[in-house]
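Down below are the structures I want you to see.
One chain, chain A, appears in both complexes that follow, with chain B as partner in the first and chain C in the second.
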Partner chain A sequence: MFLAQSSVDFASIAWSSFAPELVVVCAAMVLLLLAVAGRFRLAVAAGCGLPAVGAGVWLVASGRVLPGAIAIALGAAAPALVVAFPGRPSLTQSWGSGLTLFAALLLTFWQYAEVLAPHGGLIVPTEALQGALANDGIGFFTRITVYLSALLVVPIGYGYLRDRQIGRAEVEPLLLLSVAGMAFLGTANDLITLFISLEVLSMALYVLTGLARRDRRSQEASLKYFVTGSVASAILLYGMALLYTATGSLDLAGIGSGLGLVTSPPVVGVLGLALVTVGIGFKVALAPFHLWAPDVYQGAPTNVTAFMAAAVKAAGFAALLRLYLVAFPNYASLWIPVLSVLAAVSMLYGAWVAIVQHDIKRMLAYSSITHAGYATIGVVSNSDAGLSSTLWYLLTYAVATLGAFGCVIAIERVRRGEVTLVDLRGLGRTSPMLAGILTLCLLSLAGVPATAGFIGKLTVFQAGVAAGHTWLVVIGVVSSVIAAFFYLRIAGTMFLEEADESRGLPLVTTGLSAGVSVAATLVLFLGIQPQLLLQLAENAAAVVR
Partner chain B sequence: MSIGPITLTLALPLLGALVLAFVADDPRVVRIVGLAASVAAFVASLVLLVDFDVANSSMQLHETMSWIPAIGASFSLAVDGVSLVLILLTTFLVPLILVASYGSVTVSLKGYVAAFLALETAVLGVFAATDLLLFAVFFEFTLVPMYFIIGIWGGANRRYAAVKFFLYTTLGGLLMLVGILYLYSQTGTFDYEAIRALELGTTEQHWLFAAFLLAFAIKVPIFPVHTWLPDAHTEAPTGGSVFLAAVLLKMGTFGLLRYALPLFPDATRAWAPWLLGIAVIGILYGSLVALMQSDIKRLIAYSSVAHMGFVVLGTFALNTTATTASVVQMINHGLSTGALFLLIGFLYERRHTRQIAAFGGLAKRVPVMAGFWLLVSMSSLALPGLNGFVGEFPILLGTFQTAPWAGVLAAFGAVLAALYLLWAYQRMFHGPLVGADNEHTTDLKPREIGVLVPIVVLIVAIGLYPKPLFDLVEPSVERVLTEVGVDAPAVEPAAAQTDQ
Partner chain C sequence: MEIGYYFALSALLFCVGLVGVMLRRNAIVLFMCIELMLNAINLTFAAAARMWGGPDGQVFVFFVIVVAAAEVVVGLALIVNLFFRRGTVDVDVPQLLRY
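Showing the complex of A and B:
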């Protein structure tokens, strides 16, 4: 019987449901192998590339052209990149991971067109792998956000890592593993998958946070993140155990129906809900579970901070959305008020404390707490509109925050240390392009029209008002005004003050300027012509229940 | 899908701003591009005037493009009489402001002109939008260029003023956005006419009216929330002050007339007496504070509070006479206060001070400037024969019909206006000519006269023959008042009560 269970029928596996992650995980392994291969790099690359090309040819032959073409391209790219950058392994790694992430993004859209919504319109949610994964809107849109974030972080961070001499071989594989964990978290449909993907992404991030081995702040951040993160994971796990006790089910839909039955003890279920809320609240940095965020954001290498701010938030909220909408609909009268209060506290507290910060990274950390509050408005709306607005909000937040951190990196590279408000003085005169992009991203975070952030806030507010949470939306407005103050202060320091001649110009390399420009373009595009992706977000309001 | 003169009017300044991003930072090129774009927009808006059907009271010349169908928002524009005259005022003033600024702005002229052109597009969008989301977008977006105009090219205390301006107005704007989202949740569309047709309960109307009122009251600014204005006006560069006084403040009164009144008629009737009271307080308070100012620019800034108080008074008097005149007064205030700020700017460029005490007997040295100053002051204090009179007088007349007490008190404001404007003129331009600075002040240059003459011509023309302006505005105003439920020239309390 054991044998019968463990024999795997390859044909019955729904490969398409995790095709993007498959590519990312395989690429992470290959890059790790390449890093340790020494002078056998080319042989290893070719050895890994050949099976990929073979699989690609088979895929094309069997009619799946795009995944096949991607497999062939990536398989060929492995040895090609090794040959193209002899003696510069970090460049090979960066290009490799960049291509992989681009491929994952392509596969995400391929999956949308082929599997999720073959006839257009609303996504048809299906389960895969015996219910472990959910092929639905949350998974789809989270993939877009996390893969896009990682794709932008790679070029933005390349020169920075080299400058600080912390660009070791494990960076890119860890980044890829972490992003795969995030994508899995977006699709995780039972508690085990959810917890494992959460741990995969967290573990990789703990290490990435401590990349700067000689920088005490980075070490401190890493340790803090690890310790508090582990506690949060333990709390989450305990909550999951209680949920299992209450319902006898690990899969979210089962828990959802189980909690509605009179036979399940309500105390255990509610306790499980509370502990899960704390655990996930920690991951997305909702006040009052945010205490780790400022220190970790400040201490971590800035490209890792950017990645954390943009992608972890998206993945965490994906899990949050799925848990509350699928597993806890019967407890809606309990968690909606609680989460509303958390959202209100996050919005006000984050904005309030950010005002007194001088370190830009720390300021953006507090602002990320505020934004977690806004995204939660969509969650507590407990509706399709709320779901799609949260997903959309996280995307708009991700592009703006990546652009902002990218600009901070450029300034940090000359400063070689903390970036405070003083360092931005007169940047509008000395490097207007960079200052302009930073201003644009900050205006987007502040929610000014013609930027992505405005449409993001608009949709969550819209969902909130429609669901009757007008008071929460009004608090959101008040917090936006407070937040506008410190975003404007940064913009004002750059444009309204005279430059300090003694300071060096920000260091902008090709990768950084490419990444930041793409982020800025997206901020404008999503702000002025959001229809395309907003429609996708609306179509994504379909969940496996 | 249709693109017409309104879209063109909106697009031309923005196009100019985009062109500026790609041309060399040569002042001559920048000047030509800026002037060309703004004049082109003016010409396009004249086409609008020609196409406009005066007899028709509803929105016309509709232009609609798809924007965000996913949330039911479209890029739709149209004009009625009120928005048309404000669009014309805007496009008329921007070229003059740019020419006036060409002499004084030395730091990054390119950015200045680009910011102004972007601002012009946003303001025109506010006046022309018939989609509430589009309106809110334009309304909010006006803050960004204005923030930079005050913040980069402003006076010594410019950062404080710029941030204060931004935060005040963004708070109002966002609360209004919440109101708009509530209306959306009731109708599923942002379309103005659809939302106008919506029947709202009385409680809903009061809350929504409060949200909209706050946004517009901050913008106008109405008395207790006016404190950003003196700072912003004083610190802004000349062009910024002119545009702020002449056009940006009108966004508030325009918003009241276009949105707050017709969308929430019951709340409007209930709040009207209170708003009349606040308007009167604003008039008297603004006038008295203006009287006390030692800085001439701050004086005019406070006079704006008083003058806009008249506009609010006329709007909430809720009869055709007063409300129509309040729209006319918006134009008049734009012209006369705009011209005053221009003159102050010209004087400041010569003397680098705005303290009234520093001037004296200037009329002997700068007779042309003194002449313009006197004429514009007369217009501002509503001398019969000039434009201020044809606006202010009917406002008082109409208010007397609705609320005699408000009319009586507001009339004192008109007296005070004469006092502070003439007293300032007397202190600056008459009396003995003392001090080398006063001795060596030079008179207006041809470029500056060229900027002032078109404004003064309009001031006199409207004063002598205001009928075309009234004809343009009246049908639209009457439609609004019908919506509010007060179609008779004077309010009949009985009708107002039974209409609930």
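Showing the complex of A and C:
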């Protein structure tokens, strides 16, 4: 299918199907160039900006106004940012990546209006690039989640990276590349695209995890993540190879129909399914494949942890949804029980172990395992409602966890080390705003009404009950109750206990407070007025099959 | 079916790599085991591509080779940095992240 065309015809490429990623990848390259440009920064920025402006003018002239305007704006922003922050290249990098991610978010909605749902409302799923990419709801909603997460992480992490002196010029390009990998993972419709995008996002994250080169915890986390992640990738890849052996197709839909044929050897197909489950389970940290998550979340720089928790989970679940719904419908009687058990184990084990943790980052890591379990309820529902509920759940989880990690960053900047429960004592008196936001995000993670997390849990549980997985929903409720205990214990520590005078006040900078406030606002807004995005999630329940 | 031997060999190589990852503690050896797993997968893809008579599997092999090369770059950089930090590449020796 790849060799059918001997020469590349540019007009036949469906650029609009990966427009947001195109912007992100180009910006990553430009930021890398700027990082090494030295004295010639302005020349490089102008040299990169001019073609972008030219392409934008051409796009506007040919009738595509929004992408054209974005290209012009970003092209002009490149030299403007260099001029605006002389001698402070880190600000140029941060603003550049922030603008890029905002542009990608805008382009995602443009894509929704122009390509995905040209007649408004429901998404019409189509294939692009000879079936390599799928223009459908999973890709659309994953893009929203990952671009939003990255957009919030950039300002939240800025001051933190400067404080720890680990903010080198490659941070933002690596972040952008990782985001592009995640977005592609959400749209990948054949095994090659899926594997490559998974590796792009993982490799950028291995490096980001080991960003603190002098911190041994960061190095240890990085090596652990690298080894477990590579092994998981290899297992997943072997599963893919077996699926190809069984069906002779790399296309997910082709695998789906191939596995239904009597001629395909069932042992090979089932073995492939098992290996793919193990590999993808590692990536989204479902118990018992979660062993890397607590160590990596604790050791990585906190802004990277926030990004990992929010975005990697969304991207991993996008791949998981697409694989199981498109490639394995014929094995539904096999994978639904298996994934249900994994979800139940994750929910109970994560909540149980989180209770005894003292380190806040490690506790949030175990809570992320619990949340992977909740999101899986939507997957095993194997229905449109389940699909949209999982996508929606991941968005609510992303904003809440970003806000929570943002507050942890503010405290960690004073502590210079691990943040434990003791460090939170009396925070409600000394810095009530921060403590309030942290409490709000934790309440959302616990699923208290009037927060985003409540609506997320509600839709997931509804989908689970509708699909007949009542026992799983009961376990989910039990696990929520256990989890509420340790979330509320943090809130209690902050508001009920006396402050320790010797501890410094949390350090909040403009970027951090902006990012955290936006996250908290989203938590409240999605909790009180969920209709807008919930409708979008329901429209997104359309998959290329 | 003669092609079965290729699948059996690649499964064997994959298992050797997997067992190696689980048992060995030297980061460099772990790394070699991962590469062994990836190359075993390549063998499966090549054999399956031969069996199905299409180019897809062989194209995938090229991508896997590229990914493996990229993994070498990232992985060796991490291992070298770790060696500078603590003077050993044994992954078990000092564990700071536990409990």
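In this text, the second predicted complex is superposed on the first by the 540 of 545 C-alpha atoms of A that agree within 3 Å, B and C clash if a C-alpha of one lies under 4 Å from a C-alpha of the other, contacts with A are read in each partner's own complex, and residues count from 1 in each chain.
The working rule: contacts are C-beta pairs under 8 Å (C-beta built on N, C-alpha and C of every residue); 3 or more make two chains touch, one makes a residue touch a chain.
Predicted, not measured: the structure shown is a model, and the values here were computed from it.
A.B. asks: Just chain B (first), just chain C (second), both, or neither: which does A:207 touch?
C.D. replies: second
A.B. asks: Between chain B (first) and chain C (second), which does A:234 come into contact with in this model arrangement: first, second, both, or neither?
C.D. replies: After superposing on A, A:234 lies in contact with chain C but is clear of chain B.
A.B. asks: In the superposed arrangement, does A:245 touch chain B (first), chain C (second), both or neither?
C.D. replies: second
A.B. asks: Is A:366 touching anything from chain B or chain C once the two structures are fitted on A? First, second, both or neither.
C.D. replies: neither
A.B. asks: Of the partners chain B and chain C, which touch A:191 in the superposed model: first, second, both, neither?
C.D. replies: After superposing on A, A:191 lies in contact with chain C but is clear of chain B.
A.B. asks: Quick one: which bits of chain B touch chain A in the complex? Just the residue numbers, please.
C.D. replies: Checking each residue of chain B against chain A gives 66-71, 133, 136-138, 140-141, 143-144, 147-148, 151-152, 158-159, 162-163, 166-167, 170-171, 174-175, 177-178, 181-182, 184-185.
A.B. asks: Where on chain A is chain B touching in the complex?
C.D. replies: Interface residues on chain A, with respect to chain B: 443, 447-450, 454-455, 458-459, 461-462, 465-466, 470, 473-474, 477-478, 480-481, 484-485, 488-489, 492, 495-496, 529-531, 534-535, 537-538.
A.B. asks: Which bits of chain A are touching chain C when the two form their complex?
C.D. replies: Residue list for chain A touching chain C: 1-3, 191-192, 195-196, 199, 203, 206-207, 210, 213-214, 216-217, 219-224, 226-227, 230-231, 234-235, 237-238, 241-242, 244-245, 248-250, 294-295, 298-299.
A.B. asks: Can you list the residues on chain C that touch chain A in the complex?
C.D. replies: Residues 7, 14, 17-18, 21, 27, 30-31, 34, 37-38, 40-41, 44-45, 47-48, 51-52, 54-57, 59-60, 63-64, 67, 70-71, 74-75, 77-79, 81-82, 85-86, 91, 94-98 of chain C touch chain A in their complex.
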